[in-house]
Amino acid sequence: DGITFATDWKAQAEHGGFYQALANGYYQAEGLKVTIRPGGPGSDNPRLLAAGALDIAIASNSFQPINMLSAGVDVKVVMASFQKDPQILMLHPDDPADSFDQLQGRPIFISDAAIAAFWPWMKSKFGYKDQQIRKYTYSLAPWLVNKGTVQEGYVSSEPFSARQAGITPKVLLFADAGYPGYSGMVMVNNSYLKDNRQTVTAFVRASIKGWIDYLYGDPAPANKLILHDNPEMTPELLSFAINEIRSRGIAGDKETLGSMSVTRWETFYKEMSNLGAVEKGVNVNNLLVPDLVPGLIHD
Amino acid sequence: MTNQSITLKDLSFAYDDIHPILTGLSWDIQKGHIYSLLGKSGCGKSTLLRLIAGLETPDKGSVDIQTNTPPAFVFQEPALLPWASVYHNIKLPVSLGAASASTAEIESYISLLGLDGLEDRYPAQLSGGQKMRVSIARALTQKAEILLLDEPFAALDEPLRFELNDLLLSLQDRLKMTVIFVTHSVYEAAYLADAAVVLNMGKLQSILPLDHNRSLPSSKQRSSHQFADNAARIFRALEEA
Amino acid sequence: MTNQSITLKDLSFAYDDIHPILTGLSWDIQKGHIYSLLGKSGCGKSTLLRLIAGLETPDKGSVDIQTNTPPAFVFQEPALLPWASVYHNIKLPVSLGAASASTAEIESYISLLGLDGLEDRYPAQLSGGQKMRVSIARALTQKAEILLLDEPFAALDEPLRFELNDLLLSLQDRLKMTVIFVTHSVYEAAYLADAAVVLNMGKLQSILPLDHNRSLPSSKQRSSHQFADNAARIFRALEEA
Amino acid sequence: MIMRKALALPLVSILSLIILWELSVDYFDVPKFLLPAPSLILCALIDNQELFLQSTINTLTITISALLAALFSGIFLALCFSLSRTFEAAFYPLAVILQVTPIVAVAPLVLIWVGIDNVNRALIIIAWLAAFFPILSNMSAGLKSVDRTLNDLFKLYGASNWQRFHLLLWPTAMPYLLASLKVSGGLALIGTVVAEFVAGSGGAQGLAWRILEAGNRLQTEKMFAGLLLLAIIGMIIFYAFSLLEYRLLKYRR
Amino acid sequence: MIMRKALALPLVSILSLIILWELSVDYFDVPKFLLPAPSLILCALIDNQELFLQSTINTLTITISALLAALFSGIFLALCFSLSRTFEAAFYPLAVILQVTPIVAVAPLVLIWVGIDNVNRALIIIAWLAAFFPILSNMSAGLKSVDRTLNDLFKLYGASNWQRFHLLLWPTAMPYLLASLKVSGGLALIGTVVAEFVAGSGGAQGLAWRILEAGNRLQTEKMFAGLLLLAIIGMIIFYAFSLLEYRLLKYRR
């Protein structure tokens, strides 16, 4: 039987490993029939997963699974595509600021998802205020015409668009400022996992293989699929994105790609729960499945 | 007793608490008779017809009708469907299954009312009198046992009015329907009605039986002594009101 | 020449290409006269009034009015504002600045038309005749030089009709307005009009000057020889049509 | 009597719906992040009452401003259209385009246009965009339904355009306008929420913010509390206009 | 003649707007990511014609289905409401709630309800939610505007409910219904687009995706090409109903 894997946006390089696994038949080799279901701005993977409409989906950031756990959803996280969250803030090139703590009081265009997730962390870490928030509805235009404003985005995406408009932005990566979360995780409904442990294991194995191949081999097969699925995607953007992911070490080392550390989860949770960004009293260990794929979860 | 078609008993009715319209009105309406209902403007004639037709419920008293078909009603306003052609307006009772006139019959009423050539017009394209005639034609196709006519001919010129008076008489002669028609024309009442009924102060002030010699041609009847006498009696009754 | 208030020259008019309504009608309307306009239902009387009032534009010919105030028009239907009370409907020309009657005057017209006590009603709460009276009262408050009345009294009982006829005559006597009124009642025309005008086949078939002895009381006038003669002449003219 | 019945019945129907909801959530063991029980929603509402009150006030302010703007602009445009066929033919298409342009697409433009510091102005414009078309469309239809003879009467009296408007056109179009207000009241509210989604700032946090934040954290009972407040506001607007309709049209027939 | 003028003028007004736009973009040197010149938009449209054609067909299919559903349900509900005051009092509030509930909040519920694989069905339901209320509200108002005497006439003839509906109520409410169709036509379209945003998986390829993703990638001319198509569809729907209105109400007055 088939398996539908839901991503969090239209096909893009940030999902490249999964597409590569699909394109190169890694899933097939494991005996899986995988369908990738692209998401969008309104796609609500956590709720759909919680309601049992989805079994396996991407968790965009570490907040999502924790929030689900605290809401009483039995969910597990089985791998992380990215060791560093690719979230950034973007500045106009001539902006005097070059670190996060110089941006107090500046209007920041930030998406709903980020407001619910990263914002409390940024507020407490850098002293930002709610008044700075401007909604980012997936158009860079308001930022582009307003010098002195700040734009949230993905390191692998928004800077490229800005360059297309003739602006090479300054980029500040959350992860570089100490943001401890993972990104591009695969989360699974636990009841599904219990009944389909083999399948999930095989899916994770194949996906990791796909990611390694996508980042360190020839990404062409996945790119072809992505370009087909998303007519607005361009080869230039794809190669830009791959390059950013590689050069900034977003996906970590080749050897440890996909892995997660228990300590890092605990650190993340402690920091965020102290900030009030997530509910207290959650045991993040419940998110992890230690020996699903040997070596993928370590201390 | 068996030839009573409508019995009104002790009818009272008011639209609001302050102005009583009918106050204990009783009337035995004989089958196959033509009644003309007269009275001051605003005295309640239209209301009485609506009560008889069952369109209003009396506050007190009862309306008792022995009939199988719904009464035909010509309202004081033409009450035509603005979106339907003259033909379809006239055919309405047939379309609704309230009557069963054939196409030929419908066409004959159209002719009798001088509406030939206007069949495809819409009400907004008619003169006042033409609209009223459509409404009359509609009522006639119904071939009802009871005809309630609220000033049906008021908007028509005298010659046409005379013609339609005679049409009504001949139809009544054939079909023996019970007719109650409101009119302000004493002469019309004097010519048409078997009895002139004067409504005043919420009651029937007088019911005057009228005599006719229907064997005479209509123009003779209209200049007869009997006719003048009828008219004079109605005038007198009205003056008393 | 100077006492002509309206001149119609060679008027032609049609609503569509097939049915001409007026075909080259000419009429010199004298200032301060009362005309009654008669003719078959659908012959174009209302249309003619609308042309005179400037509500329709003639296809050919001209309408020439020497007057400062807009004419008063009583339409064949009451044409009341459903959302306004009787009082406000009557006051409408004043509210619009088309007339300048005082409150006392307005109230006097309300009384003259027997509408006392109905001032706060809405049109939907009136009888047919009451609505028409509101419309007449509205026209009278205008104190216009020209009065165009389209069957104003058709929905009223005979006594009231007589009263209003005399009201019209007395107003005319005082204010000398030019009155054209459509009626189907030959007797009304015979009593009221200085001239009876018969419209037929798109033209004025005849203009009959009528004689009256206004010094007599109205009931005497109505039973006078002159009156009977007037009526007979109009009947004859109508029959020719 | 009628009014009391008209008030009691909706309450009864809503109450029974709520009870049914509470019971079936319990009975079928519906997960609370799918559909929380009404009792939970109420608790969430009470626990966060100050937050919700402030958000409600913020949203309501924008809604009412937008509705007023929609009312005046819709009526004014419809009037202009009724005065000139040419104007109508030339500008109605633009109104149609405004109606069918997705708010997410215009939001950035609006934000740039009014300046990123005038967030509330942007919200009002966006909510106005959502609310004004029904008023325009209905008012236009209403103006077209004017009785021919009454129109003639006003022509005869040489009524000015303003007189024609407020004594004839306005009351004639009233039933149409009221029907559209019931629609636009809701649209202004939902338009405000959407506007808050796409253009809101962190400064003034409306109900959209509450709903979104709670939704993102899967605090579904809090999200539904926000939805509940929306429903209540929507209902109040709707029944206010219904009452107005009843009052104004009572004497017509 | 009138019809030709009614066609020519909007075209002229839109054309002159476009020319003005082209010239001022050029003159003021407006950056293309903000407002691309019409010529660029046209190029983008032509370059991606197959893609846009497919997207347009997808969006249009949903729109029409939703509009039909809204039409039937709106009319049917309004009828039920007019037959029973009790029913109206009990269920109108629910309709109001449906209208003011933000689509983003209900989208997951709808999606779960119809099943995650029946995206199109979810889209239709969501677009229907956006479109049905104006029809209900206007149809209700229209049904209330029935002439009293005509109503009496039908009572007298003992007309069945069905006859009363299709011979009296339906034509009476027609002007109201047509006004609401012009509103709901646009709302169904925009509702479809919003539905594609919130419930469409990236796999479904309606116009929403062209607009959003192109906007996100700053391919603004492509985004505007999508908006242009929306505007054209909206206009076609609107003028189709206008024509219908003209045809149906021609003889009324």
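Every chain is named by a letter (A, B, C, D and E) in the order it is written, and numbering of its residues begins at 1.
The criterion applied here is as follows: contacts are C-beta pairs under 8 Å (C-beta built on N, C-alpha and C of every residue); 3 or more make two chains touch, one makes a residue touch a chain.
Please read these numbers as outputs of a predicted model, since none were measured by experiment.
Minimum number of contact steps separating subunit A from subunit C: 2. Using the contact threshold fixed earlier, the set of chains in contact with both subunit A and subunit E is D. With centres set at the average Cα position, the gap from subunit B to subunit C is 27 Å. Taking the mean of the C-alpha atoms as each chain's centre, subunit C and subunit E sit 51 Å apart.
Subunit D and subunit E have Cα centroids lying 17 Å from one another.
Taking the mean of the C-alpha atoms as each chain's centre, subunit A and subunit B sit 84 Å apart. Within subunit D, the positions touching two or more other chains are listed as 34, 104-105, 108-109, 112, 148, 197, 212, 215, 253. Among the residues of subunit A, those touching two or more other chains are numbered 44, 47, 51-52, 138-139, 141, 145. Across the assembly, subunit B contributes residues 77, 124-125 that each touch 2 or more other chains. Contacts between chains, counted with the stated touch criterion, involve the pairs A-D, A-E, B-C, B-E, C-D, D-E. For subunit E in complex with subunit B, the touching residues are 147, 149-150, 152-159, 163, 167-168, 171, 174, 251-253. Subunit C makes touch with subunit D in their complex at residues 50, 53-55, 70-71, 73, 75, 77, 79, 81-84, 92-93, 95-98, 122, 124-125. Residues of subunit C that touch subunit B in their complex: 15, 38-42, 46, 76-77, 114, 125-130, 133, 150-151, 154-161, 184-186, 235, 238-239. The touching residues of subunit D, counted against subunit A in their complex, run 31-34, 104-105, 107-109, 111-112, 116-117, 119, 197-203, 205, 212-213, 215-220. In the complex of the two chains, the subunit A residues touching subunit E come out as 4, 6-7, 9-11, 37-44, 47-48, 51-54, 138-141, 144-145, 161-162, 164-166, 229-234, 237.
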